[in-house]
Structure formats: C-alpha cells, structure tokens
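These are the structures, in structure tokens.
You will see subunit A twice below: alongside subunit B first, and alongside subunit C after that.
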Partner chain A sequence: MTETSHGRVLDLNMHLLDRQVVDRDGRFVCKVDDVELERGADGAMYVAKILIGPRALGPRFRGRLGVWVRAIAERLSTDPIPTIDFAVVEDIGSAVKLSASLDDLRVAPLEDWVRDHIVSRVPGSRHASE
Partner chain B sequence: MRASDLIGRDVVRADGTAVGVVTDLRCVQDGPVRGAHASLRIDALLVSRHHVGSLLGYDRRKRQGPWLIRVIVRYLHRHMQVVPWADVVSEGPPVRLRG
Partner chain C sequence: MKLLQVALGILTAIGGFVDIGDLVTNALVGARFGMSLAWATLVGMVGICLYAEMSGRVAAVTRRGTFDLVRERLGPRAGLANLIASYLVTALTFAAEIGGVALALELATSVNYLLWVPLVAFFAWLLIWRVNFSILENGAGLLGLALLAFGFALWRLHPDFGHLAHQIIAPHKPGSERLTTYWYYAIALFGAAMTPYEVFFFSSGGVEEGWSRKDLMVARLNVYVGFPLGATISLFIAACATLVLKPRGIEVDTLSQVALPVAFAAGKVALAFLILGFVAATFGAALETGLSCGYAAAQYFGWQWGKFVRPRQASRFHLAVLLTLIAATGLVLTTIDPVKITEYSVVFSAIALPLTYFPILVISNDPDYMGEQKNGRALNFLATVFLVIIVVASVAAIPLMIWTRAGQ
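And then the complex of A and B:
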C-alpha cells in the first residue's frame, strides 16, 4: 500500500480481500470475502461493497471445492448476500475499520436471530458478566 | 461484477494472443466521495503468466524475506505486467485489451 499525490494505491487481492473487518468500537464484524465493483458515471470501475459469507467466498475457490462451498451455502440461504457499503469504510490497514456500529449493520442474520430468540430468554442473559 | 470475477481471468490482446492471467487489481483512492472518503478506482490489472505465489506479495515488495522464497516467486513473476484499466476493451472472459 502506497500513497501518491493522486491518492492511496492498494492492490485488492493483497491488501483488502480476507482482511478482518471491525466496527467503530473495535468489535469483529466479518472478513472481506469479496468486493463488488460498479461502473461509475464516468465509465471507470469503483469498489462499491464488501461481500460477506460463504456464497461470496465460494466462487473464489477454483474447481470442485468452490462448487461445493457455493452449492451448500445456497441451499442454506436464499436471502441476498450480506453486504457492507464502502461508504462506511473508515480505514484500510491490517484490518478494515468501519465508521458504523456492528448493531446497525445486520450482517449476521443467524447470529441476530439466535441472540433475539434464544440467548435473550436464558435467565441472567441480560446481566453483564461479573 | 465482483473482484473475484476478474482475478484469475485470462487476458488476451485484440488479435487473440495470450498475455497472461489477472493476479490482482490495483486501485487508487481518487474517485468520487463515498461516505467520508474518495472511492477506490480500479486503475490497472496486474497480469502474470502464473497465479502461484502472487498473493504472498513477493512479486511486488522488493525487500520482503525470506530471500530464497522472494527470489523464486520473483523469478516466476518476472514477466508480470501492469496493464492500465484504460486499455481494457472488454472484461470478458477473457479480458480483451486494445492494440
């Protein structure tokens, strides 16, 4: 990663993919499994979103392993692939730091469901550990 | 389009001759403001004959050690080219370059 007079220069595969993503409070959010590119009004391609989960990661594996990972993940969920808009990316270093809170991102629907429907009903779950 | 759609894709010239395979996408943070910062613009493709070892970064960092691995990976990637995105006519597959 280098800085030039035109802006910071980084290589997507080496400096962004597979990096850990943390929220504004330093809590672990996910890993960068892939990124979505979109064409701007000027015709150039820009990084638009971080893609998360096995359905994003699967196609990155070549061959049969990629096909299996993708097929299993697609059977488990038909919801859209969770994403994080690049607008909330604050910094890219050894980790990708966001300006948003994990609670607002809703990137782990299964984890959210378990917390709301199961863990919250466990006696004592609303008390901080002592 | 995803980054992974381009990484690993074959690159050919307009006349069909092979150039190599995309090993990485070089970005410059000089695009329109998105959130609080400039967007990352795809500036160039890193194109090599091999995919092996590219992710380790030895093909780009001059002083990364251990030296033996650095020498081997840099030898494998001695033909690596930085192809400006402006030269890409079609994302493919395969990626087609002008001229």
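And then the complex of A and C:
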C-alpha cells in the first residue's frame, strides 16, 4: 500500500477483500464481501462502497456454487444489497476500521432478525456474562 | 499477581490439554501396542506447541481469530471449503465430548448415559450463554488436573520406568499387530494431540481476553510449559493401560476400561478423583468445541462473536453454537457409541489438520500483519517440517482407515 496525493493505492485482493470490518467501538460489523468501484474525474478507479451479504459474496465463489448462493439469497431477500459508504472508512489495518457505529449502519438484516425473534426471547440475553 | 496469572494459565493448559480423544486413544493404544506408539503423542505435542504459539501470537498482534484470517488468505471459496470441513470435524468432536461427559457420569452414578446427555447439553449451553470466559476456561482446566490420578496409579504400580522409557525411545511394534494398524493408530494419536479446535479456541480465547503484545510471554509459557505437562498425562494414561490392560489382553472399548487401571492400582478415592477429572476434562472440551464451532462460522462470515459482548449483541454466533449443540446432542442420542464417535473424530481431526495449520503458518510469516513479531527462521524450519508430517498423516489417514477397517 502506498500513499498518493489522491488517496491510498490498494491491492484489492491483498488489502481489502475478505477483511473484517469493525465499527468505531471495535464491534465486528461484517466482512468486505465485495466492493463497488467508481471512476474518478482523473480516470482512476476508487472504491465507493463495501458490499455485504451472500448476494455480494456469491458471485465471488465462481462456478455453479456462486450461481446457487446468489440465486438462493435473491429469493430470500428483495431489499437492496446492504452497503457501507467508503467515506466512513477511517483506517485499513488488520481490520477495516469505520468512523461510524454499528447501530447506525443497519447492514446485517439476519443478525437483526435472529436477535429480535430468537435471542432476545431467551432469558439473560441482555446481561453480560458473570 | 503476574506470577499467579502465569501459574493459573499453565495449570489450565495442563488440565485443558486432555479431552475425550486423548483419554480413549491413549488407553486403547496402550492396551494394544504398549508404549511403542508414545512417540506419536510426543510428536503431536511438539506440533501443537509450535502452532498454538503461532496462532496465539497472531491473535495478540492482530487481534484477529484464526478463521478470520483463513478466509482472508485463502479467499472465499477455499475458505468456505475449509470452514465446512473444520466445522464438521469440530462438531463431531463436540458430540464425542458430550457423550464422554455422559459416560463419565454413568460411571459415577450407574444411571444410563443417554439420560445424562440432555442434561449435559443443557448445562453446557447454559454456561456458554451466561458464564464469563475466564471462569469457563480456568474452572474446567483446574478440575481437569484430577486426571493426575493416572500418575498416582502409575506410581502405585511400581513399574520399571527404565523399561517403559526404553519402549518409548526404541519403539518396537508388537508382533501380533499388523504394520498398517500400527500406523493407523499413530495417526489417531497424532490427531488426538493436535485436534484443530485447540488452535481455534486458543487464538479466539486470546481475542476474548484482549491479549496484546505484552501478554505474549504469558501465552508462550502456557503453551511451552502447560501443553508438554498436559501431554505427560496422555503418556500416564497409555502407561497405565500398558501395565494393567495389555498383559491381561483387555481391549479398550468403553470409558470404564480407560479407568480400570486406576481402580485396580490406586483404589476408590483415586477412582473418584479420576471420574471428576473425566467429567471436568470432557465437559471443558465440550465447551471449547462448542464455542469453536461458533467462532469458526462467525469469523468466516464476519459476524460479531465472543463472550466479551452480551448474547444479544452476538445473536448469529449464539444461534450457531445452539444449533451445533442440538445437532451434536442429536447424534449422541441416536445411541451410536460415544467411544466409537471419539475414535473416528480423532482420525478425521488428523485428516483436517492441514486446513488449519497451513494458513496459520502463512499468516504468522506475513510482515504486513505481524511486523517484528513474524516467525524466526528456526521456527519456520521446524514448522515446515511439521507441515510435511501433517500433510502426510492427513493423506495417509483415509487409505489406512479403509485398509485396516478403522484399526481392527
């Protein structure tokens, strides 16, 4: 990774894809399942968004497995693919650190569903371990 | 305080080293092959020390668990294949541990183990759900020290230690056993000592407890002192079986036969301690394998995991652990003999070993992550030698399993 006047030059495979994303409090958000690129005014490619979830990850499996994962995931959800704007990325180290809080991002519908419908109903889910 | 922390860590590592796989495999092999396969346990011990230290160092420096980095290094496709294989092996081990706890409780109470299984499963879930990580780890590890009853029994048997040592140093296959069976059990012992979940758990535990670079010394002491002492218990088990079971032609296919030498040589009180040790060691390992299944899945998919947050903040992780627990309990309740599950789980562990250990070696050499803490040359040389051994054992395991009909 080298710094240029326009930003950081990244090897997507080595430095970004599949890396853990953590929020400003150190909580785990997701993996960088895929990214959306945009061409800047200078003609260079910039990372615009982090794409999240099986519909983003599926195509990266290649082959029939990828087609299946994506097809199943698309049947399970018609909402847009969850994304994180790259503007909130603060640092890229052994994890991708965000300047935002997990609670404001709302990028994990399955986590929300499992929490609201299953885990919250079990006694003790709100308490820290003793 | 620091000294106390170090001592506690080492004691935990000793007690935590032995699980149902080590108990059954060491006794079984001791009863059939004497000490002629002890070398496999010793080789496995050196391997687990090397790789657990690496995974702990990676966790302390990067604050990432092992599986987190597996996907990053192998890519999503190979990472997923790795996840599925590692998960299945760990879940199978989880089932074996639950069955082991139930069998140990049957030994103590004469109540059929199948009646204990649901209770054991529920209690394991309750602890994972509610109890602090350090208490889980240290509690099980310390109570597991009761397995030293094997050492006491060995001492009471007044063996010719020189003769036992000679059998270890100059291994000689018993004439009644075939060479393929001998190597099959060498791989089983190797798999039992190096079970993959141990490194998932060790590295994820490092993240749970918030290790940083300054905790590295403590982590290293735990590994380099605690694990070898834990492996000594494995050797005690094998030696007890060699002295008591082998001369009488008793083969091990139940947990009570594992305990027999202790009851024979050291009496009731030692047996009571031993059963306590069985329960603690297998129950502790049940918690470790259950958590490890959740760790592996959560770290691959990037979910919040761990006991350092409230359960509702790591919903998918806790659900994954719960579903695994239900599946593992279901498997034991089919009345498949838990000792058989154990025998297979250690061999499947050996088959899955390269999947875990290869990425750890790669990551601990990556200067991007590790900076000055990356592997030195001597360590890399040793670790590479071990990787070759691991791959050979993994490739040979299935043909040997078929050839020997799983060691018959």
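Please note the rule applied: the second predicted complex is superposed on the first by the 102 of 130 C-alpha atoms of A that agree within 3 Å, B and C clash if a C-alpha of one lies under 4 Å from a C-alpha of the other, contacts with A are read in each partner's own complex, and residues count from 1 in each chain.
Criterion: a residue touches a chain if its C-beta (ideal position, glycine included) is under 8 Å from a C-beta of that chain, and two chains touch if they have at least 3 such contacts.
For clarity, every value in this text was computed on a predicted model and none was experimentally measured.
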item	value
Which of subunit B and subunit C A:40 touches, first, second, both or neither	first
Which of subunit B and subunit C A:8 touches, first, second, both or neither	first
First (subunit B), second (subunit C), both or neither touched by A:29	second
First, second, both or neither for A:115, with subunit B first and subunit C second	second
Which superposed partner A:90 touches (first subunit B, second subunit C, both, neither)	first
First, second, both or neither for A:64, with subunit B first and subunit C second	neither
Partner chain in contact with A:51 - subunit B first, subunit C second, else both or neither	first
Set of subunit A residues, in rising order, touched by both subunit B and subunit C	14, 60, 62
List of subunit A residues in touch with subunit C within their complex	14, 18-21, 27-31, 33, 57, 60-62, 65, 94-95, 102, 108, 110-111, 114-115, 118-120, 122, 124-130
Touch list for subunit B against partner subunit A, complex	1-8, 23-32, 34-43, 46, 54-55, 57, 60, 85
Subunit B-touching residues of subunit A, taken from the complex the two chains share	4, 6-14, 17, 34-38, 40, 44-47, 51, 56, 59-60, 62, 85-90, 99
Contact footprint of subunit A on subunit C as seen in their complex	62-64, 68, 71-72, 75-77, 79-80, 129-133, 298, 300-305, 307, 309-313, 315-316, 318-319, 368-369
